[in-house]
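Paired with chain B in one complex and with chain C in the other, chain A is shared by the two complexes that follow.
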Partner chain A sequence: MTLRVSGLSAMRSGRTILHPTSLTIEPRARIGLVGTSGSGKSTLGHALIDDLRAQGHSVAHVPQSPDEALDPLRSMAFHWREAEWALGLQPGSADQKTLFTALKIAGGDLRKRPWGWSRGMQQRFVIAMALIGSPDLIVLDEPTSALDPVVAAATMDLLDRHLEGRATAMMLITHDLGLAARRVSTLMVMQEGRIVEQAPTAEILERPKTRASKSLTAHRNWMALPC
Partner chain B sequence: MLKIDQVSVRRGSSVALEDISLSIPHAKTLAVVGESGAGKSTLIAAILGLIKPWKGKITWAGAAVSSCRPALVMQEPRSAFNPVLSLRRSVLEPISAQGTSVPGERIKRLCDGLELSAEILDRRPSEVSIGQAQRVGILRALIAAPPLVLFDEPLSALDAVTQKHTAKLITDLRSEEGFAALIVTHDIGYAVAHADEIAVLKSGRIEEVATARSFAASPQSSYGQTLRDAAISLGALDTAA
Partner chain C sequence: MIATLLSLLLRAVVVLAGTAVLTFALLWNAPGDPAQAIAMARFDALLTEDVIDQVREEVGLNANFWGAFVDWVGPLLVLDFGNSAVTGRPVWPDLWVSITYTFPLALAGLAIGLVISLPLAILATQHPGRLLDRFAVAIASLGTAIPAFWLGLLLILLFAVQLDWLPAMGARTPAHAILPALTLGLGVAASLTRIIRSGILEARGQQFLPALSRRGVSPKAIGRDHVAPHAAVPVVTVVGLELAFLLEGLVVVEVIFGRPGLGTFLTSAILDRDFPHVQAVVVLTALVFVSVNLIVDVIYRQIDPRIGERDA
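And then the complex of A and B:
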């Protein structure tokens, strides 16, 4: 089902942090959302999710900080049961073992609370929760920020395999253009609360048009271009 | 100089760090890279004295590390701050604790280098983006010119441009003020570009320690090789670095 939102916006403390934005997301779309820190990526992600849920669509969310998804006073097992319950599944029916093994968190103790897991493990646990069902859209906000490059690649591979053959669309919010280059077919570039550029990924990486995309692509490599 | 001498740390029944020896002289940066869950945050906790090593010793200039008031940049940016205070109050806290006054130009210089508008400091932690909170965490750590700074993934939430500005500020201040820096990072490109030495940690053990230059040219351990090659394939590092 094609997902449509129009006129999304957000104001905080009298400032507009998201200017009116409309989006159309086709089934199976692979969209990347990039932009400098503070440009409004997470805000757009939240507004999109709220609007789509209000329309009755199912949306899974991997927030930028695991703190947003995990209650510090509840065990990991509790969070997992809640996630199953939210999808109307019987407790224990999701294939936790396969997901955890693929994400290399099978060694985590589910009786513990979030702080008993490392930050990178928490991040992968939240990704596993988002992969339980087959939502219309999955929004991942910087899902690999606490992962080493090897585990990050394995995690994104799992996600690709998981989405294969499903109608679920994906929006990947990331500061990492190297990651986006391999995982999404369309890029949207944000600057100061607006989407200023949208095009196939290869086109933006090779021929960036706006100031925002030009500087992001130019600074990808640590050795090139001092600031 | 920070000296970590044959340190092992246990967590529950398992060994989290095994026989770690590292040192960081004044004005130098050591980057610790390695697997998710390899024990990098445990190492920071041990240096701060939050966990007691089971074997070995960690010292600063021969004394306890706490004697030098080390600064920490935490991995989870927003929860590092008191949610009800303005960021400015949290930032100034290390200074007020020392009873010294607040140098306005210093705050300005740090904010400029971190690409933060000063107005952001009047907000609460929940009112800024995660990347902004991460930079305010760096501001707070550096404000009182500490002799030792521990950074846990300081750039993880930042885009490429902001990363470079932030990294430059940290490196500039380090050479001017001479603090020793330990930087835990997954970003091999950053480690190679800004650290003097790189230590590779895997399953609680050190696989290799090398100068940044020789690590980029030819990592000695197979895990070091894997990490470097992953960075090259992501476009973060040149093959010829």
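And then the complex of A and C:
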């Protein structure tokens, strides 16, 4: 199902941090939302999730760090049950085994609290929760910034493989152009609360048009990054 | 868990042993002649040196410090508090009578405090900074600033003298406990409201809460399953301490309302230099403090096991 939002905007302390923005996201789309820190990427991501949820779409969210997704006082099993419950599923109905195997966290003890797991495993658990019920869109907000490069690359590979053949669209929010270059087919470049450029990834990387995208692609060493 | 409990118990035993030594040392080295004070309390007249020496010998004040300490602490291990230096009667029956007046009053005070503070703090935090919140903070600050002896007198003036609704002094009927319990409870409510309010506000600021909303978890479930446990950690600690400090506040309240209890038991024991009575109250208070702390430790380790991990 094609996802459409229009007129998304946000203000903070009387200042517009997201100017009216409209988006169309096709099923299976792989979109990268890039821009410098403070350009409004996460704000757009949050506004997009809230709007689509209000429309009745199933949208999953993976924040930057597992600390932003998991309650340290609650067990992993509780988080899983809660995520199922929030989606209106009966406890135990989500295909936990398949997801855990795909994301290589099948050995994790679900009775433990988040801090009983490694950070890499926690983040993959959060991604697994986001994939319960095959959402229409998964928004990954700097999903690998809390992970070391090797674990980050492996996690993204596992996610890519899991999403293959599914209708779920993916939006990857990042300031890391190296990560976006390898994972998405379309790039949206943000600057000062606006999407200033949108084009296929290869096109922006080869022929950036705006000052923001030129600035992002100026440093060519992103090709060497493992993600 | 068993290892944690054992280590907490060991800590409690060390604190109790320290309290016992300190209490005994303080009383042993108190200024004035305790034998003379005891003899005065017993015979209520000017006394000769012979009588005072006889009392000194009888209550063991002639022994050296450690000898006397061992004589006192040995029976204490089997909850034998000894005999009163003034009346000669066993301490425990009189102490027990005082406990039956004091502990229910302390629990009633804590219950009143919780019944007022919990809904008030929850209501106040619905809209932080708004009128109700500011009102709750102002009332709580005022309540903390008012001393129990003054509040007690105000309540007596209003409910006993002006309105004649409730009895002011004594402990004959359950109605006699209402004003003392209110005096204690309002003080507790004031400090608990501030703690619960800030606990809830801090818990609401947890960084993972927005992600839960975006995951579709209902606000009610977030409040119940995530905000409440985080807010509970400081609240459990303070409720425990409040219960222990209530015993302290009771000394004043019992004197104001003319009630029997640990407060009056302690004040008359101090005036009579009745060492076994004073020591019994101090040891009992220490036991309550240590037990409450032990229970609080166990509860918040259950809520947040990271506390135990950090200690280890």
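One rule holds in what follows: the second predicted complex is superposed on the first by the 206 of 227 C-alpha atoms of A that agree within 3 Å, B and C clash if a C-alpha of one lies under 4 Å from a C-alpha of the other, contacts with A are read in each partner's own complex, and residues count from 1 in each chain.
Note that contacts are C-beta pairs under 8 Å (C-beta built on N, C-alpha and C of every residue); 3 or more make two chains touch, one makes a residue touch a chain.
Every value quoted in this text rests on a predicted model; they were computed, and no experiment measured them.
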In the superposed arrangement, does A:D176 touch chain B (first), chain C (second), both or neither? first
With the two structures laid over each other on chain A, which partner does A:G92 touch: chain B (first), chain C (second), both, or neither? neither
Looking at A:E142, would you say it contacts chain B, chain C, both, or neither? Reply first, second, both or neither. first
Using the touch definition from the top, say if A:H46 reaches chain B (first), chain C (second), both or neither. second
Mind working out whether A:A69 is in touch with chain B, chain C, both or neither, as first, second, both or neither? second
Between chain B (first) and chain C (second), which does A:P200 come into contact with in this model arrangement: first, second, both, or neither? neither
Go through the superposed model and pick first if A:G35 touches only chain B, second if only chain C, both, or neither. first
Among the partners chain B and chain C, which is in contact with a greater number of residues of chain A? B
Does chain B (first) or chain C (second) touch A:P27, or do both, or does neither? neither
Overlap of chain B and chain C contacts on chain A, residues 67
In the complex, go through chain C and note every residue touching chain A. 206-208, 210-212, 214-218, 221, 225-226, 229-230, 303-306
What does chain A use to touch chain C in their complex? 46, 49-50, 53, 59-61, 63, 67-74, 78, 82-83, 85-87, 113, 115, 129
Provide the residue numbers of chain A that touch chain B in the complex, in ascending order. 12-13, 34-38, 42, 64-65, 67, 104, 118-121, 142, 145-153, 175-179, 181, 215-216, 219-227
Can you name the residues of chain B that touch chain A in the complex? 33-37, 41, 75-79, 115, 123, 127-132, 134-135, 153, 156-165, 168, 186-190, 192-193, 226-227, 230-231, 234-238, 241
